[in-house]
Each structure stands twice: as C-alpha cells, then as structure tokens.
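To keep things simple, chains are lettered A, B, C and D as they appear, and every chain counts its residues starting from 1.
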Amino acid sequence: MTIRKMLLASVAVACAAMPVSALADTSGKKIALSNNYAGNSWRQAMLTSWEKVTGEAVKAGVVAAADAFTTAENQATEQAAQIQNMILQGYDAIVLNAASPTALNGAVKEACDAGITVVSFDGIVTEPCAWRIAVDFKEMGRSQVEYLSKKLPQGGNLLEIRGLAGVFVDDEISAGIHEGVKQFPQFKIAGSVHGDWAQDVAQKAVAGILPSLPEIAGVVTQGGDGYGAAQAIAAAKRPMPIIVMGNREDELKWWQQQKEANGYETMSVSIAPGVSTLAFWVAQQILDGKEVKKDLVVPFLRIDQDNLEQNLANTQAGGVANVEYAQEDAIKVIEAAK
Amino acid sequence: MTGDTLTAIVEVADAKVSFGAVKALDGVTLAIMPGECVGVVGHNGAGKSTIVSVINGGLTPHQGNISSDGERLARYGIGVARARGVRCVFQELSLCPNLTVIENTRILHRHLGGFGWRKRARKVIERSLDLVFPGHGIESDRSVGELSIAERQMVEIAMAFSDAGVAPRLVILDEPTSSLDAGLAEQMLGYVRRFVDAGGSVIFISHILNEILTTASRIVVMKDGRIVADRRSIDWTEHSLVESMGSVAKGEANRRAVRDLAGAPVVVEQIGPGLPFRAKRGEVVGLAGLAGHGQTRMLMKLHAAETSDWLARREATVAFVAGDRRLNGVFELWSILKNFSIGSLGDLTNRGVVDVAAEMERATDWKRRIDIRTQDLANRILSLSGGNQQKVLFARALSTRAPVVLMDDPMRGVDVGTKQEVYEIIRQQAASGRTFVWYSTEMEEVCLCDRVYVFRDGAIVAELEGDAVTEGNILAVSFRGAAA
Amino acid sequence: MRLTYSAEAVRLAVPALSLTVLLAAVFWLQPRAMSYVGLNLLFNLAVPIALATIAQMLIMAVNDLDLSMGTFVSFVACVAATFLRDTPLLGTLILAGVVGVYAAIGIVIHLRNLPSIVVSLGMSFVWAGLAVLLLPAPGGQPPDWVRALMTAKPPFAPMAIIASIVIALVAHLLVMRSSLGVLIRGVGGNERSVERAGWSVLAARAAAYGLAGVFAVLAGIALVGLTTSADANIALRYTLLSIAGVILGGGEFIGGRVSPIGAVIGALTLTLAGSFLSFLRISPDWQIGAQGAILIIVLALRLLLARIEKREKAR
Amino acid sequence: MRMLGRISRKPWMWSWTAAFVVWFATIMVTGGASTFDLSQAALTFAAFSIIVGIGQMFVITLGPGNIDLSVPSTMTLAGTLALKLMEVDNAMIVPGLVIAMITGVGVGVVNYALIKALRIPPIIATLSVSFIVQSAAIWTNRGLRIKPPSFLADFTTANTLGVPNVAIIALVISVFAWFLLEKTIYGRWISAVGQSMPAAKMAGIPVDGTRFVTYIFCAVLASLAGYLLACFSGGAALNMGSEYLLMSIAVVVLGGTAVAGGDSNVPGIWGASLFMFLVVSMLNTYGLGAGIRLIMTGLIIISVIMLAGGRAR
C-alpha cells in the first residue's frame, strides 16, 4: 500500500515537471458518477450537465466512459451498495455526490483500497482517501447575514428556512447563519422552519409559522425554498422582506418581476449543479497523474442585482441557474489550491 | 362390564345449558366408566356437541355438576380435563395447518419441551399413528396443511390417543370417520375396541349407525337436549335407533298440500357429485341431512352461479338468507335499517341515490310483518337478540324481488310464533311463483317442503317427494348403514 | 406422489431459484463479481437487511405487520453510533430497554386487540423523532468491535456470506426448531387450538415481538458497522424491504407460514436485484421503476409455481 | 362511563379536539392577533391532505389490508403530466385536468389488476406500482419545473370571502365524498365490503367491482391533489408527493375511520388534517425541533387508536 503510494507520488512529481500534453493518457479510463437522489430540479440539472460535458469528453476520446448512476431512494445504504457495485464494474474513478458525509466511508475506503480514485463533491465524504470538492456551506450561510447587514444596517427579525432534518448540508448552512447572526447582533432569528429544499414544503411551513411571527426583515434560506417563502408571505399579505434566493428559475424569475415592479433588491447564493462536471475534470486530472490536493474549494454561485438578467437568460425555463466547467477550469482550481 | 366396583372417569349429573332461549342441554346425566365405549346418536341440535364440550371442559354447564374418579370437581376446565386424561377429536380441524405433525404434537403436549423434544414428539405421534393406523404412510415432518383431509383426520385421531406422560383415559371422537374411507375407518374402530378392552374409555359420535352398533358397548340416544334412551348396544338395531331418534308426531300437522308442479319450468339447476339438483318455479325445495354434509356448499354454488363479482345485476335473480350470521350474515357496524335494506337497494335507489323515505317505509312494513322487536330501526343490529337478527336477515331476502331465495338454515334461534308467520309468508310467496331452496336442520321445516334432497358426505344421496318426505326416511338416508 | 414431498421445499425453491438466476446473470454481466472480494461487495449490505427481514418475519408469524421497522433500525443505528461506543453500559441498557418496548407493544396490541399496522405506524414517528433528537446531523462512530466484526476477512468465504448463513441458521433453529418458535407460528396458524392446549397466546405474542426487537437491534448495529456512521434516516427503506423480503422468501401475511431461510434469501435477492439493475445499465430514469418490476415478476413467478403445485396435488 | 361511550361513538371528536387545542395554543403566543392568518393558512394546507386523505379513507374502508401506497407517486406523475401538457397556456386548463384524471384512472386500474391477478396484498402491489409511476414521472420531464397557467396559479392561491379556494375545493370534494358514502348505493357497498367480504358477497354486492372502483377513486383524488398542488406551489416537483404517503394514512387513522374497515368518517379527516398542519406550526412557533414533533405525532396516533379503536378481548 505505502509502496504504491510512494510510486504514485514519484510519478506525480515526475509528471508535474513535464508539460501538460505529455501527461499519461486517460483515454482508456472509465469514470462513474454515483448520485443518491434524482427527485428535484437541481439534481436533474446536475445529471444533465454531466451527460452533456462527459458525453463530449467521451466522444473526444478524453476518457473511455463516464456513466451516471442514481439510487432508487435517497438512502446512504443504497448508495454504499451502488459504490460497491462500481468497484466490481472496474471503474477507475468514482465521482460521488454523497447521501451522507460519513455513512459512505466504509464503501469509499473499499473503493480506495481497490485502487479507485474517489472524488466527492457537493455532498462530500470525510474518508481521508477521497478527494473533496467542497462548497463552504458555512460561509454560504454567513454571507447571507452579511449581505442583509449591508442592506438593513439597523437589523431586525430573520426567518430561517432550513433544509431536511438530519442532513449534513442543512446543519452546516444553518450553523453558518447562526454564526452570521452572532457576528451581526442587530439581527435576531425569530423563527425557524424546515422546508426540505422544496418550494411546496417551504411554502407550507412558512405559512404555518408566519401568523405567530413579528415583522420580518429578512428571510435566510438554503436554496430551492425562496419562491415558496415569497408565495407564503404574499398570501399572508405581509410586507415583503428581503428573501435571500437560491438558484431555481422560479426564484430568479420572481425576483426579476419584483425588481421590475418595485425595485426589489436581494441576492442569490447557491451551488451550481454543474459542479458535477468540475468533479469529473478533477477526477480526469487525477487519473492523468496530476498531483491534486485532497481538499479543493469551489466558489458558490452568487447572483446579484446587476447580473440577474444575464443569469436568468442562461437558465432553462423550469430549470436551475448553472455553470458548467471545462478542463481548463479544473486545472485552474487545482492550481489555485496548491 | 359391570360398573359396581369401578368409579366413572367423568360423570355429568343433571347438566343444563342454554343459549338464549334455546335449551341445548336440559338435564343430562351421563357417566363414562373405564373400559366402555359409549356411542351417542341423535339428530341435529339434539345436544351431542354440547355434552361433548361439557365433558371436554370447554363449556361450563349453567346447572348441574361434574365429578371425576369419584371426586366432585367444582372447577372443571380444559386444563383439569386434560390432566385427567380426557382428549377430544373435534369435528372442525383443530390443528395448526402451518405446523408439521410433530410440531402440532408439541403444541398439544405442553410438557414435552426441552432439548431433543422433536425426537420425543416424533416417537409419541408415530407410535400412536402406527398403533391406530398401521401402514398409514404419513410422514410426521410434513406440515398438516399439506396433508389430505383424511390424513389430517388420522393425525387428529392418533394425536388424541397419543401418550406423552399423561395417558389418555377418555377419548371423545366426534364424527371421526366422516372423511376416512372404509378401510381406514375399520382400522380406527379396531383400535378403539382394543383401547376399550385395555381399560380405556371412548365417547363415539357418528352418523354411520353400523359403526356405532359394532363398536360401542352402550348407546345413548339424545333428542332436544335430553337423553331419551340408554341401552347396551346389543339391545339396539339400526331400525330401533332411527326410530328412537325421530319425533314422529311433530310436523305432521303442518304438512302442506301436495301441489302439482310437473309443468313448472326449472329455474335453478346444479350438477355435482351424486344426484343432480333442480328446482322449479314456485317450488319449495328442502336440503336435508346431518349438518355439515354439503348443503351450505350447494347453496353457495347456486348463489355464485347467479351473481357477479364485478357488476351489479339490475334484477337480482337470487337472494340469500344466512344461517351463520357472524360469518356471512349481519354487518355488525350497521343499523337494523341498513342491514335490512342492503339486499334490495337496487329497488330503493334512484340513479344510485338511496331513497331514504322508501327505504324506511319498506323496513317499517317488514318490521311489522315479521315482528322485529326494536324501538327504533336506527339501532345497531347487534342490539337485537340473535333471533331478531335472524329475522332481519330473513326480511332482507324476502323483501327483494329475486325469483329464487336460498336459505341456509335460517331459523336457528327464532321463536315459535315467528316461525309460523315466516312459514306462512313462504307458503304465500311460493304460491305466487317464488322458488325457495331451504336447507334446514329442523325436521319440522323439512317436512314443509315440496321436495327434499338428502345430503351425505358432500353429495345428494336421495330425493324424496310428497308423502315420502318423512323424518324416518330422511334419518334413514342420513345415517349410512341404515339402508333406505 | 413423492414429487410433492413438501410444500416447504417448494416454498423455498422459488426464492432460491430467483436468487440463483439473478446471481448467474450478475456473474455473466460482471465476471469480476465471482470472487471473494466480489461476493463480499455484492452481499455485505444485505446482512443488516437480512436481520431486519427476520425481525419482520417474526411479527408476521403472529399475523401482524410492523411498519416501524425502518425507523426503529435507524434509531438503533443512532444509539449504536453514539451511546454504545461512548458509554457501552448505558448503550446496552437503552437497547435492552427498546427490546422491552417491542415486547410491550406486542402485549398492548394483543390485550386491546389493536390493529398492528396503526400502532406500528405511530411508533415509526416516535422512533424517527428519537433518532433525530439523538443525531440531528449524521455522525457518530460504531464501537470498534462492531467495525472489526463487519470488516473481518475470514478464510474460505467472505464475511457477508458467512454472516448470512449464520443468520439463516440461527433464525431457523429459533423459529423452526425450538419450542418457542413452534408456539409463535402456532399462534399465527390457529390461535384457538394453541389456547385450547393451555398456552398463553399473550406470552407467545410478546415473545415474538421481543425477539423481533432483538433482531432489529442486531440489524441496526450491523448497519453501523458497515457504514461507519449513522443518521436518523439511514434505514427508512428497511420497512418495505423487510416486508418484501419476507414475501419473496415464501412467507405469507397471515397463517403463520414463514421461512427464515427463505427470508434471508429474499433479503439477498432484493440486494442483488439492485446490483443487477446497475450492471444492466438501465437508464437512471427507470432504475426505480425496474425495482418495482422485479418485485412484480418474482411474485408472479411465485403464483405460477403455487398453481402448478396445486395442480400436482389435485392429481 | 356513559359520556365516554357517547364520545367514542363520534370518533371524529378526537381529531377535532386535538386540532382545536393545538390551534389555541398557537394563537395564544401572539395573544390572538394571528387567529385569522393562522386559520387561513391551516385551511389552505390542510386542503391537500384532505383530498388525498379522503381517497385513502375510501380504500382503507374496504377492510383490513387495503391500503394505497402509490398515492405520492400518482400525485407527482399527474402534476407533472398536466403541467407539461398545459405549458403555461390558460386555454389548456381543462385538457390538463383531464390528463391528470386519466393518470389517476390508469394507476388505479393497474393497482387493482395486480392485487386481483397476482393475488398479492395491496401493500406490496401498490408499492411496486408506485416505483414504476415514480420512474414514469422522472422520465417525462426530467425534473423541470414548469409553471402553471397564470389563471390556475392565481385561482389556487387566492381566497374567496377570506376562505382559501383550495379549501373550498376540498370542501366540495368532501361533501361529494360524504354524499357518496352516506347517500348512495356505492357508499353502502364499500361499507358492507369493509365489514365482511363474505357477507357482502352473499348480499349480492359486486365485491370486485366495488373494490376496483374504489382503488380508481383513490388514485383519481391523488391525481387531483397533485394537479392542484402543482398549480398552487408554482410547478410540479418530483418530490412533491412524498410527504403525503404517511400523511394520508395518518389523517385517516386520526380522523376516526375504523382501520378494520367498514366505517369511514369524512369530518374526522378535516380535524386530522388541520391538526397535522397546526401541530407543526405550534411546535415551530414554540421553537421545538423536528424530533419532538415526530414523537408527539406518533404518541397522538397511538393514543387515539387506543382510546377510540380498541376492543378488549
């Protein structure tokens, strides 16, 4: 094991010295995408991006195959089984959006032991042998409060919409938001509900708590729930607070309509589903022999008042604002991490 | 067998049991001595099964007492009975069909547990099977559900005679040979004789009279919850047995005039094992024989042939009066009104909507006609006594326009006055062209029919018409061996 | 005549046949699976499912159904990843306590004659709530001995296979061979005759529920051993998987007809079906649907064989 | 003792009492200021569980073992197909509704066909079907969120005289369902089948036909709920039905419908649906977490069934 690691390391060092074109060939390598959930528009956009980018890459002969797999239900156990199947199928790399940061560690370790490169993104895993393309979820939460503090210097009451109870991302973003509130004590979280990252659930939860809340200055969210919150608040005929948006098209569209109607101002933070393609290229670079740090950070997708229209124009109706990555982007991210 | 020095294994003195208005046992005194086989015969409802339940400990008599081995027992129950070696083979299957023969043995013998019980249980049951049915060919590790009915019966019998610590002293056999063929029955009877010779006791109930005559040492005849005759079996003949079971006088008065139905069209027909079944328009056809010999199944078949599981018929062609109310009669959550009207809703609805006024009107009418005793038709059906529930079911079927009414022994627990009224309604409706197929366990009712089919062992074995419909004839055919 | 030797055997034949066919198909699609490591990868996640299936089977043996199996196993996984590691004594006590709760549920259901479906539906909310309270975010770690046990590499056969065989054998001994098992199945088959023989049906039902609790606890612990951490939603699928496993393994909803070996085979079949679909490379859109289709096909196969068996018997 | 008897005869009392207590506890936080808003929100969101719950109730009324697990995926597929067909065009509202209904009929037919032909218990049959339906939903639109036609979006989110429109629709459906159950021959049939299948058969009721229609009815109501929910929340999402699986069963049970079949209860569904929404609001208002909420829901279900549903042996 250690010998192999040393060998790999020496190869990597040797390769790093050479120009890019002379690196090891990955045209015979197979990469798989392990996805735990396909039940919302974000995941569907992620799969579409993957298909588009990797399809071209396969056609161009960069890799031999890049297959996507989705589990029937959003369960760590099922995804662990899926990863184990991928090991059997002989993939050289697994790109992973994990159902749980820790519950897949057993399966990931088995994959690493079998010599497979594992790159996790979005839902990352803590197993040390895997690469992580992480979004700073805490920062994502904190920056929302920071933004609000600039818009509303006098502060006020906040409504927090959380994601799915018992899930890692939900906990992280929420922790970031609470950190932000500590940093800007003029804000107070007046209420907190679980919106499960779905418009209808968020709408329901907000409508239920709203009557008992005082005047709300801002709504901090986790993405995918802003439109539902806006609908619930509009239905209750309350003054519209600043709702931090996610990247769904309906959220952006609503924002744009409000902007045109009354100059409504807000911002949107989210993770672009196209991060799957970045993970693909990173995996390809690793297979290519590049030395890549285990922890890479990808900036979250932020849309502001001035670039709203431009982003909206690029978003498919009913889809998700997205960025797809090319090989050069991946190289840039890798270089930046060094 | 002189019993002077011996004490009875079980002695029941002056036992009375009543279910509602029905007196199932009306002061029965019976002692079972060691080394005797007591045959019990009697027509349906004579109280055979009730006395068996009392001896077995499953039923505590409302009056009277039980003693065993000369000792009067205040608390007599299943546990006490089993500890004293009383075993019973029931008419219905009392084994767990999903367990193997060995496992059923384990359930029956509570103290068989501990390591290696399987081996012991196998020994116990296989020894018993070999003794009772030599060459039986039943593998004791097969599950009971896979066995044929005869094999199940054999296992039950062998189980009752099996000895796992507590030896069987009194074994009650309730129609044990009903699903055994002649050879197997003979094996069993042979074993019963040996068992009795060795000092064991047996209570033997059967509808096959020569079995009883050849096996029992003493025969008891029951009628209407009483013991009407008790003699040594050599003093009986098939003929005298049948005669003492019957109640010749009753029913004759109600004998209906013979009608000429030769020209009437056949409305229902069913061909099965035995004689074919046919019923003509306006005819009252009786199904007779001992209980559980295929009459209900015939009614079910007739019903299934005329109804659809998928679409409601615009005009119902058959109506059914249940005998087993709990199983396929009443709807327990419903009121009397809804229970009554469910059969004739087709007439009472207008484009699918129930006409509540018409429903109420018709129910009130029938409440009056057959005197359903309730303050309010909106009361729950279960608030009625069993007899009145039965009346509701009767009204349900009679109030339909179906040309054929199937009746599955519907008069159990109905009082005499009402019975007469219902008979009158049936008579009227038959006269106006309705056909009744009537399974009854009461001889009086069977004698009201134009024509009677007698069932035995799942098939029609005789057809009686007009004056030939007599209790004597029916009994003679029902009990095999008493040649008709 | 000898052909129809045992319905029990036929009952086992269908699941065994489905498993064999599926395994052959997997080997054909992916020859790499035909190895020590391969078999372990294919089957190790079936071990907790098999345990949960046995638990469900015990409940079904007394004609009841447990809709809280998934959330209960999740809850146990959370306890195993927290208390059982940090304070083993307290963890053990909690687990013993919840087994007691299971037996108590059986008693309540019997005494009040409640529908088990509703009671267990209610309990599923309770277990889920307790699990969320215990682990608001995924985490925790299994005790080292659990991890060591689940990742052990015994000679000759991989751990997953050995564990499955052991589970099947233990459950078989318990349910099919012991007096208690006979009693439990007897209650499912003919409650009255068990009562008539002087047994306490209440005690039998409580025992069935308690035993089910024990197996479900084992399932939770085994699961954490494989996944290395727990979360409140980790085993939600187990409710329906366990029911499907029992049915695939030849069990029935009523009548006390169950087969522990069949249930384990059923659990393995369901796990393998997932792998088979992934090897088939069905479009991700239809991967979920294909699972439904497999369920239907296997059940149709069972019906067919039951018909044939019936016809044989009728001869 | 007598009062207990009287209450247990009106099983919907329990759910209404629970809903009222929770409603009161919630509005007390703001000293009653939120009464109107909270009631309005409760009516709006309870409406969807009511529609789905009524369908599930009809199926559960058919007797032990009858249950429809395909409700969530049917909702999703119907919503997805309808919105895709309408393509934000107000003129296509009716065809959209029709396609949603057809979806429901189709799922119902398949459900009962499997139950009958394969003789598998409804719980397994409808589960298998739900997997296939879910796949179909994913396949048809790949998770794109198409907006509903503007008229429908406005209609479903608006109020009439302060009452949410969806609640009015739910009321109309409830009245219709109540009418079916109480006044028509079909209502008598399903109640009879639920009490005793053999007795129903012998009373001349077309048992299979009744069950068949009921499974279809349940799926159609689920589709309708999916259609409305998709319009209300601004588009069909692939996961939009998932919370209605347990919800639909819970509201039926809490509403006092006999799980053993034969006795259904429309008012109880309202009480239970309002309760299920309000209990979340209350616990959110008091700042209690998801864990406590789940435990309370579970304990309440068990208490209700113990108080109202149990029969001593």
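Going forward, contacts are C-beta pairs under 8 Å (C-beta built on N, C-alpha and C of every residue); 3 or more make two chains touch, one makes a residue touch a chain.
Molecules present, by chain and UniProt name: D = ABC transporter permease.
In this text the structure is predicted, and so the values were computed from the model without any measurement.
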item	value
Mutual neighbours - chains that touch chain A and chain B alike	C, D
Interface with more contacting C-beta pairs, comparing B-C to A-D	A-D
Per Cα centroids, the chain farthest from chain D (ABC transporter permease)	B
Gap in Å, rounded to a whole number, between the CA centres of chain C and chain B	44
Inter-chain centre distance, chain A versus chain D (ABC transporter permease) - centres from mean C-alpha coordinates, in Å	34
Cα-centroid distance, chain B relative to chain D (ABC transporter permease), in whole angstrom	47
Separation of mean Cα positions, chain D (ABC transporter permease) and chain C [Å, integer]	30
Residue numbers of chain D (ABC transporter permease) (touch at least two other chains)	131, 138, 142, 289-291
Shared interface positions of chain C, touching two or more other chains	131-132, 136, 285, 287-288, 291
Per-residue multi-chain contacts in chain B, two or more chains	none
Listing of all chain pairs that touch each other, if any do	A-C, A-D, B-C, B-D, C-D
Of chain A, residues touching chain C in the complex	35, 38, 47, 67-73, 75-78, 80-82, 84-90, 100-107, 110, 114, 165-168, 170-171
Chain B residues touching chain D (ABC transporter permease) - in the complex, by the definition given at the top	303, 307-313, 316, 318-320, 322, 327-334, 338, 342-343, 345-346, 349, 352-354, 356, 396
Chain D (ABC transporter permease) to chain A touching residues, read off their complex	26-27, 29-30, 34-38, 40-42, 44-45, 131, 138, 142-147, 157, 229, 232-235, 237-240, 242-243, 277-278, 280-281, 284-285, 287, 289-291
Chain D (ABC transporter permease) residues touching chain C - in the complex, by the definition given at the top	64-65, 67, 114, 118-121, 123-124, 127-136, 138-139, 142, 246, 249-250, 253, 259-260, 289-302, 305-306, 309-313
Touching residues (chain side chain A, partner chain D (ABC transporter permease)) in the complex	38-41, 43-45, 47-48, 72, 165-166, 191-194, 196, 198-201, 203-205, 207-212, 227-228, 231-232, 235-236, 248-250, 316-319
